[in-house]
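Which chain is which? They are A, B and C, in the order written, and residues in each are numbered from 1.
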Amino acid sequence: MNSIAAQRPIPALMAPAPDNWKLAAIAGVAVSAVAIAALPAAASFWITGAMVAMVAASFVVNAYRRHYFGGLLVSPAIAVLFVMNIFPLLWSLGLSFFAYQSNQQTIRFIGLGNYQKLLTDNLKAPELWANLTNTAMFVVLTVIAQMVTGFLLALLFAKQFPLRKYLLILVLTPMMLSVVAVGVFFSYYYDPTFGILSYVIKAMTGGEQFILMSNKTGAVAGIVFADAWMWSPFVMLLVLAGLVSVPKYLYEAAAIDRVSAWRKFLTITFPYIRGLLMLALLFRTIEAFKMADLVILLTKGGNGTMTISYHVIRIANEQNKTSEGAALSYLLLFVVIVLTNLYLYLANRRAKGS
Amino acid sequence: MSTIEVKKITKKFGDFVAVRDADLTVAAGEVVCLLGPSGCGKTTTLRMIAGLERATAGDIVIAGRRMNELPPEKRDIAMVFQFYALYPALTVGQNIAMPLHYEKLAKTDADKRVRKVAEILHLTDVLDRMPGQVSEGEKQRVAVARAIVRDPNCFLFDEPLSRLDVELRHSMRGQIKEVLSGLSKATVIVTHDQLEALTMADRIAIMRDGLIEQVGTPHEVFARPANVFVASFIGTPQMNLIEAELTGFADGKAEVVLAGNAVALRTDPAVGRLAAGKVTVGIRPRAFATTPAASHDTIPAQAELIEPMGAETLIHARTAAGGDIRVVVPRGQRVKIGEALHLRPDPRQTHVFDGAGKAVRA
Amino acid sequence: MAEGSSIWERLGFRRASGVGEAGWGHAVIAGLISFVYFLPVLIIIITSFKLQTEALAVPPKFLPTSFFGLIPDAYVFTPTLENYTSVFSRSMITGAAAENTGFDRYFFNSIVIASVSVLLALAIGTLAAYGFSRYPLKGNDTYLFVILTTRMLPAIVVIIPVILMFRAAGLSGSYVGIILLYTAFNLPFTIWMMKSFFDELSPDVEDAARLDGSSEAAVFFKVCLPQVVAGLAATFVFGLILTWNEFLFALLLTGVDTRTVPVGMNQAVAGGGIGVLWGLLAAIETLFLIPVFLVTFFLQNHLLRGVTFGTVKR
């Protein structure tokens, strides 16, 4: 790139130049501090915001003048993510060390108190543990169901055939539905009185009404089925992308070499979809950890279907124990990060191994 | 017996006819090259033999068995693909061993076979590498090794050398020829490179627009081209094809008006049976002798562009009528730009093609 | 077809001429499976044409017509468009006059909020992805990982501080607030996906353009962007599907004027105290499905090429 422009002198610390981000940062912090101390929240928020914008602008000018294109390109995204994602996350991390309820005015620093309470309290620890095992069960069941269904669907659509385009969009539709509708309508399908499931089972066995949600097995099966139905198309899409990217000539060579179907799959097809399968696994595992909406809509957490994510919502939203909810979320995040790192470690090791 | 017979085979893709009524017989141990410009249907023909495409009409007989409906797996053939089609997730050794799984050999026997072909093709050192980690030339040899590791009915090669550089191509031509000569299988090689075809093939089938124009030994297709297309396609520099008017035939000489000059050329006696009219006279650039003076059997022209080619010199000469004639002369013969030349064609290498472009021969 | 091909083959159960192609036989099997898979959606659509009593009938009424008496009347319902009109206007209390339900507004909000935020995320995220891909920073992977991590937490964790923040800034219930939030919500995914596309491009073409005197902006817009259209389309579809149906943020952060359809739907489910109005809900969902269905359908060809995430080397 342009090396002459890159050598433009960096302005002195106190010189008021549009690219002097250090001065802008100092001024910004000072003004914000004064504003927060002296003015009401609504005004100080905007003043602080303006200061952040000023610092950001000086960064941008600085980057532009010195041709730091990388930084320049990344900055808008970082800014949005910082304001809307990272900052609130840090806030709630901080909050998890306080005793705070959103319906009360008091706030008190209690250090690791929330965490301690969650992990050791006679009532809360077993509940947390039970919800965690429930969540783990849902993760395993829904992810397996989605991977298997998605994989089989992808195999079905891997070949070119008439009407493929139209049939494919039909299979993709469940993913496009609103989760509210899916939850409500599956409760309609599962309804013992007028639900289609009960009707079919009644017709087949000639017995009484079928109440799916009456026990834990049924309730879990109902939720897993609805979730797998809704999200298998996502797995299918990823696997299908891998399948169609296998060059046709490899299968032709395999035909000439008289390779068996199983070996063909193992040595040609699978290497192309392995990465995407792992990715689908990662995405769906993370989402499954967060599963709450379907549980809320189908069982309200009853019959041993309470998940950790729903638990967080209950504590934080319904019981207004904001800081305790935050602490619980961070415990959850910890688990997810450990899992993700495990995944990345395995994926990297595989990549190096081959 | 390892033979291939292709009988009146036709392939249509919708309305487009890729191959029309192609006939071809390959004997055991014979190497036949399908040669032609891109899009002429040669690869389609090969793929139909392999079973990768279905013939629209006609028969494919391999080793004495009609195999039209059989998938590639059941035809027992070996093929080298244009882009090698190496299995990217397997090592070179595993790639070569792939066709052997079908035979359910003991692992040691399979290993022995792989080692043997790897030795023949100088691949022993790279057996444990992935296809992505070996050179283009090695990839090509792996593809060949994978084909010859078993004992198939026949061999098919689809543009096997097209991705190699000139030097590698030269050495691989020799290697493949050597390997094939020891196997006595029917072999079909598809190529667009006439040098490849002329050096490797026992016989060459020249294709254009889905039709096989001529099948013959390298010598035949060069010395006795069946029509204008074959004449123009084979040989470098390209044969001169000069529009002419046949006016008569006497003393074994054809009287033609050629580039505005009436000349009498010694040709094949069959030309005598041809009615007067438009013909095309084909003369290879190396078949001219330059004479100092005009004569009844010389073509006058003026040297316009001179390209030294090393041992020889290529002269583009312009005739009075404005046509271009390519002439190759030995390096020792000095020609200046603008010099008037009198070109006497070698009667044994003068071809006359009739109005439809077919060679006129006894 | 050549002579000698059996009926079976003509039906499509053949080893077709090329590898990876199948005929009508495969289409029939795939059609059956697709139909079964689509069935729950189909029932929603059918229900949207039923009155409440028919929606709750046992045995279920499957068909809008008896096909000239072939199907027993017990399985046949009389299709009605009443649900569709009452999506937008109905009487909230039995006997009262019909009033506007606000759903016209909700649909408008959903369209504006989802499309603006997804496009915004696409614009910002594509720039960032290009930056991450072409000007690697030290610890690049760590940044990307942190960015992705923000999507792993239950939304509820972020939402409490966001509510407090929005309240302080006066952004609650405004378009700007929810659009910004959704933009941030879509960014991690967008950056990740687009980066994998930029990583795959050959830098030779870009260098050639630079040698020809193109500015960095021209290199990006004229050389790189046209090569990642499939990625943009796929990212857009995914972002749209997720944002379109997002519920929790919308529930807590939109006001009366900016409410989106999922929130309205939830109210329609909960409201009234007379149980779920199945036909009405089905009509809402059917209407709500149409835009995203059409977008997905028209961008379908890009979708498959777009979701390889650079895991497949070409």
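In this section, contacts are C-beta pairs under 8 Å (C-beta built on N, C-alpha and C of every residue); 3 or more make two chains touch, one makes a residue touch a chain.
The structure presented is a predicted model; accordingly, all values stated were derived computationally and were not measured.
Trainee: Among the chain pairs here, which one is joined by the most contacts?
Mentor: So the pair of chains linked by the most contacts is A-C.
Trainee: Relative to subunit C, which chain has the most distant C-alpha mean position?
Mentor: It is B.
Trainee: Which chain lies at the heart of the structure, taking centres as C-alpha averages?
Mentor: That would be C.
Trainee: Taking the mean of the C-alpha atoms as each chain's centre, how many Å separate subunit B from subunit C?
Mentor: Each chain's C-alpha centroid was found; their separation is 56 Å.
Trainee: Subunit A to subunit B: how many Å between their CA centres?
Mentor: 60
Trainee: Provide the C-alpha centroid distance between subunit A and subunit C, rounded to the nearest whole angstrom.
Mentor: The mean C-alpha positions of subunit A and subunit C differ by 16 Å.
Trainee: Going through subunit A residue by residue, note those that touch at least 2 other chains and give them in order.
Mentor: Residue numbers touching two or more other chains: 252, 255.
Trainee: What residues in subunit C touch two or more of the other chains?
Mentor: 18-19 - these are the residues of subunit C that touch more than one other chain.
Trainee: Can you list the subunit B residues in contact with two or more other chains?
Mentor: In subunit B, 52, 71 touch at least two other chains.
Trainee: Mind listing the subunit C positions that touch subunit A in their complex?
Mentor: For subunit C paired with subunit A, touching residues are 12, 18-24, 26-27, 29-31, 33-35, 37-38, 40-41, 43-44, 47, 55-60, 124-125, 127-128, 130-132, 134-137, 145-147, 149-162, 164-165, 168-170, 180-181, 183-185, 187-188, 191, 216, 241, 244-245, 247-248, 261-262, 265-266, 269, 276, 278, 281-282, 284-285, 288-289, 292-293, 296-297, 300, 303-309, 311-312, 314.
Trainee: Quick check on the complex: what are the subunit B residues that touch subunit A?
Mentor: 50-52, 71-73, 76-79, 81, 83, 85, 87-90, 94, 98-99, 101-102, 130, 146
Trainee: Please name which positions on subunit A make contact with subunit C in the complex.
Mentor: Listed in rising order, the residues of subunit A that touch subunit C are 1, 41-42, 45-46, 49, 68-74, 76-78, 80-81, 83-89, 91-92, 95, 102, 153, 156-165, 167-181, 184-186, 188-189, 193-194, 196, 199, 229, 237-238, 240-242, 244-245, 248, 251-252, 255, 272, 275-276, 279, 286, 289-290, 292-293, 309, 312-313, 316-317, 322, 325-326, 329-330, 332-333, 336-337, 340, 344.
Trainee: Please give the residue numbers of subunit A that touch subunit B in the complex, ascending.
Mentor: 247, 249-250, 252-260, 263, 267-268, 270-271, 354
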